[in-house]
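A, B, C and D label the chains in the order they appear, each numbered from 1.
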Amino acid sequence: MKRLFPILSIVTVALLGYALYQALVVAPTDALQGDVYRIIYYHVPSAWTAFLLFFINFVASVRYLARSKASSESAVKWIAIFIGVVGLIAPFLPPVRAKIPAGMEPGAVATTIVLIPVFYFLVGKWFPGDRLDVLALTSAEVGVVFCTIVLVTGPLWARPVWGIWWAPGDIRLTSTLVMWLIYVSYLVLRRFSNSAQTQMLAAALAVFGALDVPLVYLSIWFFRTQHPQPVIGGGGQMDPRMLHVLLFSWMAFLFFGFLVGWSRFRLELLKREVEHAHAMESLVGAEASSSTSLPLSRSAR
Amino acid sequence: MNVATSVLAPVSIVTVNNVIKQFGRFAALRGVSAEFDQGRFHAILGDNGAGKTTLLRALAGLAQPTQGTISIFGKNPREACRDLGYMAHPSLLYDEMSGMENLRYFAGLYGLAGDNRCAESIRAVGLDPELTRGVGQYSQGMRQRMSLARAILHDPKLLLLDEPFSNVDAHSARDMVGLLNNMRDAGKTIFVVTHQALLLEGVADEFVWMADGQIVDRTASAITSRESVP
Amino acid sequence: MNAVRFLFAAYVATWVIHLFYIGTLVRRFGKLRQQLRELGGGK
Amino acid sequence: MNPFWEVLWATLVKDIRLEWRSKDALNAMLFFSLLVVVIFVFSFDPLAEESRHIVGGLVWVAFLFAAVVALNQTWARELRNQVLDAYRVSPAPANALFMAKSVGNFLFVSVLEALMTPLFIVFYNLHVLGPAWQLVPLALLGTWALVVNGTFFAAMSVRTRNREIMLPLLLFPISIPAVLGMVAGTTAVLTGENSAHFYIVLLLTYDVVFTTASLALFGTVLHAE
């Protein structure tokens, strides 16, 4: 297992290098925006990776909260199964199918929704006990890093193309900002809380934060229909070659995100090990002193 | 207070099984295991930081053990909350409300209506139910008594009192010890964390000595074991 | 085309942020390992 | 009545009586709200024609500040003598305490808003172009959205080192959709340009989602040591 990390690192560096090469050289120049559009190959993959990490945080937090009480565990299990079943059937029903945006295949929508419960059960098995909380913390922190990049590269893209640093009307960028705020407040709560149940409180906040995201999208989407403004990256079809480079770049960033996440995960385990060692040390210290000097007396009945 | 029947056969109603309580890097309880019998008066003694308060809070269900289990009347502490009364350093009362108003509110939490039980508890601790002053203006002794009244309001079978006599005038302290003595005779199980062990000499059935998060000694009298504590 | 300046700025910014974060991880790793060694040797 | 409503009612009555008995907190808050309004009036020129478009935002940001300062006091009285321990040891349901505190806060913040609104109307000599009745659901649902999350996060930040700053840090990011709904809704009604219907539905959804989540998770927060 130890050797896997360096191998993966080399593979990731190679992928990132090749993705960079593709982004700058192979991908065609955009008709409208010229070469500056290539920011998309870093901006969009970072956003997708950040959202994926926040989703992992949400599932891990729900799992952590559910595990604390047996009654809620079975309830959440059934909700997950329900989502899976609905996800499998709904996209193919005619009324729902009409609503799916043109570009997406109902099959694709179904698989993504079904992934949620599948992932929920996998996380439960792979991350027993305390590691679930470590996963939640890690995915939130690394997610915030990727989110920061999205918020930096976004304006850097909007400035040359639209002459504005910030487009409040652009759903994606504005909602990314709100998500960044939510998960930074999540990390701040973890740092400042000195309760024995910090993990529980953080999990509760993570659920609140995740519940908020669809509402953020909803409110900004409607707000935008009333005040139409330029949208970064524009909608509509992408040139297949561009799409290919984008997906490749995303894969490279996913590898990179996985590596950073894994090391942050191991760092957190080490931190908790040190903390445990400190506590045990004071424990062992006490036993050494109490067992020698004080005869443990008969219990007075 | 209803008077219990003859002294019950000693059956252990509070069992503590290898409890460890960790606050970050500091271990407040380091493997406490003990059994305590019904209807007995236990005094928990030891220096500051020995884990007395943490153990009492764990018994009350206010502190979750990091490891190990605690069972009260066969249930975990939070499920047994109807049968336990808890009193702490702070008064756990609203300063702006009078004693009666406080108790009426807390009686509501236990689903008890009517004032007679509240008045009864207040009189039991030797205070006047008609007192209208806010608890904030009470003397320390009166406030401790009112806090004790709140703890015994719903006639719990188990009493967990954290330093009930601390900076209380001698007269009030003796009264409270007398009251606890009668309650023990009435069949209640009592735990008192205190630094004034002598007050309970001859009253408490057992003195539990704690040091560095562990029970190091259990004796029948507060005095004999004095020299064995380093 | 000064617009390309923004492209390089975005790419560089991305890696500055990533490397900064990785730097904090490495620093914390070192500190924790050192603490563990101290504890290990302490007994 | 089952224990939930009994305890809820008893706690609410107790809080209102205590608030009424020592009106100092209420007076301080009323004065604070007045200050917030006056500062807004000086910083945003009330006579400018387009003030009608921004006054919706001003009103709600002023309400948000007043609400946060009020919400920070939610558990102050309980913390003074660790009264929460008495609650935790009792068999009373945690959600009864939460709902009582939320409704108490809702009433308290509504009183502040009732004072601030006429001031805004006077200073900005507002007259509503759109359907004025829509302002009522917007105000009620919007205030509840702030209060329910505020009470929950106030309880959560009881266990943190710097309690006062923690509440806004937790509350503001999560309240953004609600604030957007309130502000855009109020502006829509004031300017009469578009309907506030969607924003009312958005606030209703927000309230349902977060009231449910708060009720489900408050037990965990109350019993956190």
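One rule holds for everything that comes next: a residue touches a chain if its C-beta (ideal position, glycine included) is under 8 Å from a C-beta of that chain, and two chains touch if they have at least 3 such contacts.
This structure is a prediction, so every number in the text was calculated from the model and none was measured.
**Student:** For the interfaces A-C and A-B, which has the higher count of C-beta pairs in contact?
**Tutor:** Pair with the higher count of C-beta contacts: A-C.
**Student:** Give, as an integer number of Å, the spacing between the C-alpha centres of subunit C and subunit B.
**Tutor:** From the centre of subunit B to the centre of subunit C is 52 Å.
**Student:** Centre to centre, by mean C-alpha position, how many angstrom separate subunit A and subunit C?
**Tutor:** 19
**Student:** For subunit A versus subunit B, what separation do you get between their C-alpha means, in angstrom?
**Tutor:** Between these chains, centre-to-centre, one finds 47 Å.
**Student:** Can you check how far apart subunit B and subunit D are, centre to centre, with Cα atoms defining each centre and the answer in Å?
**Tutor:** Their C-alpha centroids are separated by 39 Å.
**Student:** Where does subunit A touch two or more other chains at once, residue-wise?
**Tutor:** 194, 196-197, 278
**Student:** What parts of subunit D, by residue number, touch at least two of the other chains?
**Tutor:** Residue numbers touching two or more other chains: 223, 225.
**Student:** Two or more other chains in contact with one residue: find those residues in subunit C.
**Tutor:** none
**Student:** Let me make sure I understand the interfaces: which chain pairs count as touching?
**Tutor:** So, checking each combination of chains, I get A-B, A-C, A-D, B-D as the touching pairs.
**Student:** Name, in rising order, each residue of subunit B that touches subunit A in their complex.
**Tutor:** 10, 20, 22-27, 30-31, 34, 63-64, 206, 211-214, 216-220, 225, 228-230
**Student:** Any idea which subunit B residues touch subunit D in the complex?
**Tutor:** 60-64, 78, 81-82, 84-86, 88, 90-97, 101, 105-106, 108-111, 150
**Student:** Name, in rising order, each residue of subunit D that touches subunit B in their complex.
**Tutor:** So the residues of subunit D touching subunit B come out as 3, 6-7, 10-11, 14, 17-18, 21-22, 77, 80-83, 85-92, 223, 225.
**Student:** Please output the residues of subunit A touching subunit D within their complex, sorted ascending.
**Tutor:** Spelled out, the residues of subunit A in touch with subunit D are 65, 68, 178, 181-182, 184-185, 188-189, 192-198, 200-201, 204-205, 207-209, 211-212, 215-216, 218-220, 222-223, 226.
**Student:** Can you tell me which positions in subunit C touch subunit A when the two form their complex?
**Tutor:** Listed in rising order, the residues are 1-4, 6-7, 9-11, 13-14, 17-18, 21-22, 25, 28-29, 32-33, 35-36, 39-40, 42-43.
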